[in-house]
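After this come two complexes, each holding subunit A, first together with subunit B and then together with subunit C.
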Partner chain A sequence: MSATAMSLRSGWRGLAFIAIPVTAIAIFLFYPAALSIIGTLVRPAPGGGYTFSLQSYIFFFTDSYSLANLARTLWTTVVTLVLLIAVNLPIALYMRFTKGRLAAVIQALALFPMFVPGIIICYALIRYMGPNGWLQSLLSLVGFHHYASPHLTPWGPVVGLIWDGMPLTLLILISGLSNVSDASIEAARDVGAGRLRILVSIITPEITHSLLIVSALNFLGIFGQVLMPFMLGPTNPEMMGPFMLRTFSSVRDPLQASTQATITFLICSLAGVAYVRSIARRQREDRT
Partner chain B sequence: MSTLELENLGKKFGAVVALEPLSLRISDGELICLLGPSGSGKSTLLRIIGGFEMPTGGKVLIDGADVARTPPEKRPTAMVFQSHALWSHMTVEGNIGFGLKLRGLKKAEIAAKVDAALRLVGLADYGKRHPAQLSGGQRQRVAIARCLVLEPKILLMDEPFASLDQHLRDRLREEVRQIQKKLGITTVFVTHGQDEALSIADRIVVMSMGRIEQVGTPAEIYTYPQTPFVAGFIGDMNMLKAVVTSGAARVGDVQLDAPVPDGEALFAVRPEDVTLTPSLNGEGVRVRRIVNYGPVLKIEAEMPDGTLWKVQTLKDVPVTEGACYHPIVSRHIVFREDRAVHRVDPV
Partner chain C sequence: MIALSSRRFEVFGYGILLFLIFFIVLPVLTVFLWAFAEQWFYPAVLPTKWGFRFWSLVLARPDVWAAFVTSMELSLTVTALSAVICLPAAYAFSRLDFPGKSAFMMSFLMANAFPRFALIVSIAVLFLSFDLIGTFTGVVVIQLLNTLLLMIWLPTAAFRAVSREMEEAARDVGASAWQVFRYVTLPQAFPTIAAALLMTFVWTFYETEGAWLVGAPRIRTMPLLMMQMINNQLVVQYGAVLSVMLWVPSLVAILMARRIIGGDAFARGLGG
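Then we have the complex of A and B:
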């Protein structure tokens, strides 16, 4: 058998191997998603037939409540993302450059939320930081009586989302930092760089890919969140997740819910594109 | 113009002694090789000199000033790492100029110094490239340029060519030696390759088990090893145990002079110090294997009691596998209690 024929045969085998999952994704994911998106743009005409319409989008972008919800979602996403990196980067740095029992304990604590279901985290946080919760009681014990609970304020979902996103963020950052060799840090010290300079000029640029991946994945996860903002956040304005849910199930307006979902999808796609580009660039660099 | 002195320098990792207290003086412009097997303490010693490890005790004096507790960023030393340790997100120019930037030099000054360093290592046109676009040898040259551009008092090199192929290693070694001589920079070079140490060093420090076995010029180390470890570690050596009686010992039918008190001793004989003469009566050693190394032949010969002799002769000396020969030894060293006590040189 010629090499070309063998290559063709193995090519068909490969396609057959992925045919079932790809078909399932196409039927159960892409097709209904495409129907929903098309359904927001192509509407039944009053006299029969269909017509192209941007009416639902015009409504969304002229409705102050919808815009406030979008702004709240963006605010929560950006603030949570910044805090996630701010909290996890020092922990990842500590764990990368410190060996010993304390580092292992910190790692276990930081990864613990990964094994706790989101709903449990929500209830735990409500019991802990909510009005008359443990935190307030503990603060009262030490004489602090002006505690304002973040529960049902914009900071409520931020706290919950940080808890929820911590393990993934930490794992990716540790993985990125493991690629920064001890020798490259020592070489920087050798030419005269102090700790801050090493962090800014050597470590941070070396983990740009990891930071980009962390940002993209968390952006996708946070922007579309339903549970945390529903359980811990305010109802007005609210994040896009609960907003969509309410529009669909309580207001019973599937067209507007689909429009909100499409807008959410388009904004999340930007993060998706950044993620895919980062992966592709990394593969190109690895090849060189 | 700098000297490096180590005074009672020692290092322990917990209960493990990595480096027994040692003292050493390295003269201005000298290239000294720390040579030893893995775990001998050579890299630990280099890292202490560079400031990456704190010594348990002792002093590191550079031009008389003790820097043993000074962090690496404040020492007048620069280290070339085995893994190049280039910063992949920076260009070659960025890598070399980083240290100068930290010293607050102006852009034009940095550019001029970087350019000069690149010319010195033969990479004048490679400044805009990234490390990923360079070969292993080019990366190591950049790492060397990154050190030299800072004009350190002491240059430290930690097995810099270990990851390169033999041909490139030989070439770079020569280039480094030329540059080192040209700049007159005091250099400490760590290697576990004896060829590398013998070919590049002004002096070699042979280390084993965290202590110095011998310090000397390559010729001294090769010709007059002071301990059995050095004798066995540097080059090929026949290490033969024999009993000395009345100033001589016999190994098979070979008599070796040893004007030392009677008793057991260890004799070290270089393969090139052994000549084989044909044995007419079948006594002596039988040639088991001959390997042709081009200009020389390396021969393994066996005595009737199984003792192996390594012999090296010029290629035009007629030797046949399976034939018997008498070994004639022109130079040997006698060791007792792990120290050389006598040596016999050719007349």
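Then we have the complex of A and C:
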């Protein structure tokens, strides 16, 4: 068999092998998503046929409850994202520049949430930080009696989402920091750069890619969260996740639910585009 | 190692450790304390009465067993289907050359770029017209979509790690393509594939949001039952006992899987 015939055969077999998952994604993911997005814009007309209508979007953007939910979602997403990076960047830096027992223990603890299913995290946090929870008992033991529980306040989901997002954020930041060479830091110190200077001028440029990926992935993950805001957060206003769920399952208004989903898509597409562009650029750089 | 490990740096490390103990260890410990507490009133620092009473109460509940069976059936079905669909694709991505390969690989990564729950909602809207809401099939489809990415990308890495020289050596001594796959490629890639299967199973078992939106109220999985028990809060211990009972075996399973896969693979796979 000639080499071209061989690669042609392997080409067909390759396409056949990946056809099944690609078809599954097309049929069960993109087709329904596209259909329900179009369904929010094109409605059956009263006299038969279809008309273009922005009615469901006008409802969303004039309904004060929907707008309050959207605002709450954006607030939670931004606050959680900032705190996630503020908490994980120092830990990642510490682990990049130290080895030994303490660093190993810190790594094991910080990655631990990866092994705890969401529902169990929720239960643990309610029992721990909730009113009359274990944290409050421990604090009052040492004489602190002014504990205000974040449970069922806007800060409840923030705490839960930081718990949940910590391992992934940390792994990606550590992976980014491994690109920073010891030599370049040594060189900077030799010419008299301080720690802050090294952080800003040497380390930050190297991890911009990782910071972008972390921000984009967490934005997508937090914005559409259901479980944490439902279990740990207030009900009015609520985040988009529980809002969509309730609109679909309890209010039984699929049109408004898919309108909310489309608005979520549009806002998240900013983060999605940033994510895709960033990994595409990284792959090009790897090839050259 | 460079000279950053001053005394101050060490103090910094212990600061992180203290934060992690308060933020991560103590909440998890709370669940274990509640699971073995028969009586615990605020502000007692530890349970006032210890015991296993609530374990037998939980095990005697028929709804717990029903949810457990449902969850096991769902997870087994989804994992098996996912393997059948994804493993050939993973092999194709790692070993075969075909037109549009990198574009397809990229499009699988792009699945990360969508807000998952919004996708599920729009799929569920379509399921309404097919009467798939509240059915086993509907939940299987939703959960299956969740697993595709992991099930393609981990086995792809596994097949890639198999040495080409060994495969070619086997071909040289006259093995057929199938024999090479069966006796050289598969045995070497198997540990990682098994780990991927295990993780898919555990993740599906605990998948909550898709099952909730599409399955409720007729399909009740274990996480949904737990959610209900936690929210009703009549007996605090039910949630704790269920958590400990289910989570400890799955923790052992995932730790085993992670030992094989390694953390860096996760970060890289997401484009880190």
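Simple rule for what comes next: the second predicted complex is superposed on the first by the 271 of 288 C-alpha atoms of A that agree within 3 Å, B and C clash if a C-alpha of one lies under 4 Å from a C-alpha of the other, contacts with A are read in each partner's own complex, and residues count from 1 in each chain.
Throughout what follows, a contact is a pair of C-beta atoms (placed from the backbone, for glycine too) under 8 Å apart; a residue touches a chain by one contact, two chains touch by 3 or more.
These figures come from a predicted structure and were not determined experimentally.
**Student:** With the two structures laid over each other on chain A, which partner does A:203 touch: subunit B (first), subunit C (second), both, or neither?
**Tutor:** After superposition on chain A, A:203 lies in contact with neither partner.
**Student:** Contact-wise, after the overlay, does A:211 reach subunit B, subunit C, both or neither (first, second, both, neither)?
**Tutor:** neither
**Student:** Check the contacts made with subunit A and report whether subunit B or subunit C touches more of its residues.
**Tutor:** The partner that reaches more residues of subunit A in the superposed model: C.
**Student:** Would you check which partner chain A:158 touches, where first means subunit B only, second means subunit C only, and both and neither mean what they say?
**Tutor:** A:158 contacts neither subunit B nor subunit C.
**Student:** Is A:245 touching the first partner subunit B, the second partner subunit C, both, or neither of them?
**Tutor:** Second partner only, subunit C.
**Student:** What is the contact status of A:194 with respect to subunit B (first) and subunit C (second): first, second, both, or neither?
**Tutor:** first
**Student:** In the overlaid three-chain picture, which partner chain does A:186 touch, first (subunit B) or second (subunit C), both, or neither?
**Tutor:** both
**Student:** Both subunit B and subunit C contact which residues of subunit A?
**Tutor:** Touching subunit B in the first complex and subunit C in the second, residues 186 of subunit A appear in both lists.
**Student:** Using the touch definition from the top, list the residues of subunit C that touch subunit A in their complex.
**Tutor:** 1-2, 4-5, 9-10, 12-14, 16-17, 19-28, 30-31, 33-34, 42-45, 85-86, 88-89, 91-93, 96-99, 101-102, 104, 106-119, 121-128, 141, 144-145, 148, 152, 206, 208-209, 212-213, 216, 223, 226-227, 230-231, 236, 239-240, 243, 247, 250-251, 254-255, 258, 263-264, 266-268, 270-272
**Student:** Could you pull out which subunit A residues touch subunit C in their complex?
**Tutor:** Subunit A residues touching subunit C: 7, 10-15, 17-18, 20-22, 24-25, 28-29, 31-33, 35-37, 39, 87, 90-91, 94, 97-99, 102-103, 105-106, 109-113, 115-129, 132-138, 140-141, 163, 166, 168, 171-172, 174-176, 182, 185-186, 210, 213-214, 216-217, 220-221, 223-227, 231, 240-241, 244-245, 248-249, 254, 257-258, 260-262, 264-265, 268, 271-273, 275-276, 278-280, 282-283.
**Student:** In the complex, go through subunit B and note every residue touching subunit A.
**Tutor:** 50-52, 71-74, 77-79, 81-90, 98-99, 102-103, 132-133, 143, 146-147, 150
**Student:** Please name which positions on subunit A make contact with subunit B in the complex.
**Tutor:** My answer: residues 181, 183-184, 186-194, 197, 201-202, 205-206, 208, 285, 288.
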